[in-house]
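I have placed the structure first, in the form of structure tokens, so that the comments after it can refer back to it.
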């Protein structure tokens, strides 16, 4: 046995991608493709049942507009889920930021719209920071912490809002126009959501920081041993989720015009549902914000398509439930197949 | 640690059972902290809140917390195995609706109860099947069934609420124990309490539950039937949630699809407050009972003091967070007191 | 106890002296001292629980010391996180592999320091190239783009090593890196270690295998009971001397195998098959017999043991105990029939780490301890005390959390919990992996004694001397099949190794 | 139901603590009714209070009723989230000497002393159907956007509207009823869904203030503005903008402030023992004049009022 040269000259790749690896990467992409396909099928089915679903200017606009706000929240939720945590307080953060948005316009007449955006995003980020700090420093499961802040933030919201509410007439016309306006047949809210999605999707895939989220979620203890800055990453994840919920709050106000103390109540389950449907594993380390975003679109589009397909209103929740369960069962089946192949690959190596 | 070097040479070791004295083990626990807090809150409230001292307070308190107490029992066991069941409130709604639909269709009420309980057991079994056989995380599964079961409930009954139930049964749900102020449902709860305490703390099955929560793999290698245990617990959870649904229907005399919406979060908040770890493996029933009562008494006292529901929510949330954070904080204080590296560094730099 | 290390003019690379660390009432380190020099490989040895891993974790910044000095190149340091030690040029391979199962092998190696372009975008091509270079240098063939999930333990260890090597660290610490490696892989690791030494790095190597220490290291430090004992150049010491320093006495009989009367077949396994894992496994274990199951790591021995016990599935074949067929997938039925399995990975499979010693010892027999279905702490403690004292587990109280015991003592608890079931057949997977010499001899004596009482024992072991010393009959597995059955009298290391590696001779192992 | 009915003991008390328990807090409709109640109570120097759940569920209302019973208030004025579910709690309150007045949404008659009816159901159903029929020219498809599927009053109105449509407007078909849960966002999305599901829709009736406002906001920015008629029950302040921009031609409502005002005076009369809730009892309601209790203990506020571009500027609530 001779010692190899300390620094071998660069060599041509010698280790081929195994067939299994290739197939796995294909499956990973297929997961997102699968939901996209489901989405397309739903849209086509609804359009066949009623062409207006797609081929009227309102139909087209609503198809894009309705899910845009949830997509933002789902992106934040996906980041947190990927680190093997969960943020149940997003609905409450959204509600608080939405009300803050309204108050800013009412209390500071003439405030620039951009300033309101910044304020709500920072505010949401701060609320997220509280979650993150409690999770990261106190080492308490995120589920418990954010369940607590779900109550607390909503309580603060009700306390602050009381029976007051923000009405569309309190808000500047320019701002409300954001909620319904379009650029080249694409609603402004959708453009904002897509820009956020592309940026965060890129970061999660291509930067060191992004990959660390996956590492932490894949095995938190190993990440600690490895010397990753776990605390900082967790803070960033929760701040992002909070800030995105804050941004969603502003857009909520722009779209719906009316904000009372219950704005965004129950959104946490939609956000988690969207991410899970989109292939983000609740056990961390797996999935992408793209999947979560498509999951969110699918969830809300199905909601809108059901009545058109003749399924009464009342059964919508049941269908959503079946959908969530179907998605996670599908993921599970894919994962089991992947594992079997990996082991088989080791055998014939 | 003493220097027992050569193991063959030393006499056989002796072992103490515990490294802490009995009183410490009994009193210095998370559970007793909650019990203590409960006592303090109850005393302060009776002294300072007008109207809290009346016997009727107890009646209303028990009527209010009974569904939570009932559901918290199996939830405790499930959470100790490291799983969670978010679908319980939807099962309450589904069971309520089934009773309504059947009564409306003219079925005897007893039959309706049985059907509701069986449906609850099936709902629990579906959760259990997806978690144990298919191998999915329970958080995701029960978020799905939370929507599904609620959807079935709302779908079945549509716009209507069924309100016509036999008086015998509705009275039973609100009956007081022989002239006292204590509602008779308390008996139902106490029976289940005994069953669950024995099951969790005094049976091999219970030992298995803790082992599963701390290490699923090690439990499986030790002959614990991990899957079957979890399945049994989910079925129990579904059944008891359905029982709570029966009570809910009778107490309010109304079967509605949206009954008990959001109750799951209250149950989980109480269970966690009572010292059960969401990671599994830790927790005890007395802590959970104290947790439920603490939230119940706080809400009752605050409402009497004309504090609005939002403040009550804030307090519940803060209490929940504080109770879990305090653990870590105390642990951190303990390490801080012993001042690690710090002293060493000071000495080293003095030495040059 | 004083340090008698030679004074060098330049400050040593890394120096610890009189370091103290306790966990609550447990003093893990009473006085740990260690000095690493550049361009040298240093061995650290000591019994289980001597405090080796604790010392390593202090250097890594995972624990903070309570007292004592810690210098790096003459400068006082006090790490509060692993990131700091990494930044200071210290790489650590921990006793247990720490990989991210969902990420690719390449990402695992470069996590946190991936090559990036101007915009902070990870340069995946460059990363993959570097990974391939690393693997070539280490002489392994692992697809750099497969996920870490599902890698064998040996492969996981190789990736840990690749990670540490790629860090280009000044100090490389390896806590029992060879425990799961086969001979060829160990040789390759050593070659890399030597080349790193020749580049002027300081290496620390922890192992319970003396042959490896003598083959690789320049100096050795011995620890006992959390304290420093001595540091000696390797050329000036012998195995006996080291063992004496570690144990505080002479250890002579390492494998006290006593002959037992071999009786009726107890366990009969026939045609056991699980696609892709093992095929057509047939063997039997008789009463009073120790059957050794040898083979390279990855041969599938543990899987066979797990399938027989019922924790893993199998597709065809049968397992009979005393003539009665056992159902598949039912460990509880296997236990009640009289099989016990001491698993390979005691931290994950053997123990409920966060549970007390008493609960662990009584876990399997909980049903027997229950009276009328009711079990109490008292009954558990009584049962646990018997086995704790019989195996001399080093702990103060039965309520001690099992995870805080040292590796060897944990292994004793695992053994105890299974012996408490009074099995007729004991399957024991790597009975002495990571166990010090003193305890090793005890375990072997215990196995002999149990066989003497008529128990049938199936012993899986990767250590040839152990197999040859203990087994009445040796089964050899290769790639999921039994390739040889050799009687005690005929068994030599040559014929066992031949059966284990036979067809594997032209596999990618050999260095080109 | 048990001994609920016999609590009219005739004896008066001076405990003029009257607590309003709306369906939920943060609902402008109830804010307005409470402001009317407060005005009345200030007039006769009682104690006004308002408590309520954040979400409109009956179980949450029960807890508040229990608390009020413990506190021993003079009267509870409640808008019921469920006709049956809060009954027992109300009867216990009455057994403890608390007077119970329902307003806006009733319970079963045997668990309250009085019901202050904002308008009789036939009148409400009729005015909305007449309005929509007028706006769409007497034929075509219409849909209803209601509050929650369990809301007693809404369901009663919808039933009556269906009957009235069938008898008086056979050319109008009611194609669907959807539920916005009195949630702004849900109502908004449901409106969008309605318009797409039924391309030939000509009009929407939303008999709830939250629903009509959300529907108006959706319509006003969509291609359907001016093409699909919208009417229902709404408050002038919420809808002024949409009446002015032509989204809505006319809608109806009673004055919620008057409703609260009348409820408060009825509670006072009960507490002081002036009335017991029996048919034919009369009481004085301040600026609104004198009212008479009808059958089943119901007091009728008056006919709904029609708002349109000509008169909307005269109102501020």
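As written, the chain order gives the labels A, B, C and D, with residue 1 at the start of each chain.
Just so it is clear, a residue touches a chain if its C-beta (ideal position, glycine included) is under 8 Å from a C-beta of that chain, and two chains touch if they have at least 3 such contacts.
All values reported here derive from a predicted model rather than from experimental measurement.
Engineer: Going chain by chain, each one touching the next, work out the least steps from subunit C to subunit D.
Structural biologist: Graph distance in the chain contact network comes out at 2.
Engineer: So which chains count as neighbours of both subunit B and subunit C?
Structural biologist: A
Engineer: When the centre of a chain is set as the mean of its C-alpha atoms, what distance in Å lies between subunit A and subunit C?
Structural biologist: It comes to 42 Å between the two C-alpha centres.
Engineer: Rounded to a whole Å, what is the gap between the Cα centroids of subunit A and subunit B?
Structural biologist: 30
Engineer: Counting in whole Å, what is the centre-to-centre distance of subunit B and subunit D, each centre being its mean C-alpha position?
Structural biologist: Computed value for the inter-centroid distance: 39 Å.
Engineer: For subunit D, jot down the residues that touch at least 2 other chains.
Structural biologist: Counting only residues that touch two or more other chains, subunit D contributes 25, 54-55, 149, 179.
Engineer: Send over the residues of subunit A in touch with two or more other chains.
Structural biologist: If we look for residues of subunit A contacting two or more partner chains, we find 154, 158, 261, 314.
Engineer: Go through the chains and record each pair that touches.
Structural biologist: Pairs satisfying the touch definition: A-B, A-C, A-D, B-C, B-D.
Engineer: Over in the complex, which subunit C residues touch subunit A? Could you list them?
Structural biologist: The touching residues are 60-62, 81-86, 94, 98-103, 107, 111-114, 116, 120-122, 128-129, 132-133, 135-137, 139, 141-147, 149-152, 155, 187-188, 190-192, 194-195, 198-199, 276-277, 479-480, 511.
Engineer: Write out the stretch or stretches of subunit D touching subunit B in their complex.
Structural biologist: Contacts found on subunit D: 2, 25, 49, 51-55, 57-60, 62-64, 66-67, 69-72, 82-88, 148-150, 155, 179.
Engineer: Flag every residue of subunit C that touches subunit B in the complex, lowest number first.
Structural biologist: Counting only subunit C, the residues touching subunit B are 25-27, 64-70, 76, 78, 80, 224-226, 247-249, 309, 311, 331-332, 334-335, 341, 343, 348-355, 358-359, 363-364, 366-367, 369-370, 373-377, 381, 385, 388-389, 392-400, 417, 438-439, 442.
Engineer: Where on subunit A is subunit D touching in the complex?
Structural biologist: So the residues of subunit A in touch with subunit D come to 50, 52-53, 56-59, 62, 66, 154, 158, 161-165, 167-169, 180, 252, 256-258, 260-263, 265, 303-304, 307-308, 313-314.
Engineer: Spell out the residues on subunit D that touch subunit A in their complex, using ranges where they run on.
Structural biologist: On the subunit D side, the touching residues are 25-28, 30-31, 54-55, 149, 176, 178-179, 183-185, 188-189, 192-193, 195-197, 199, 213-214, 217, 221-224, 237-238, 240-241.
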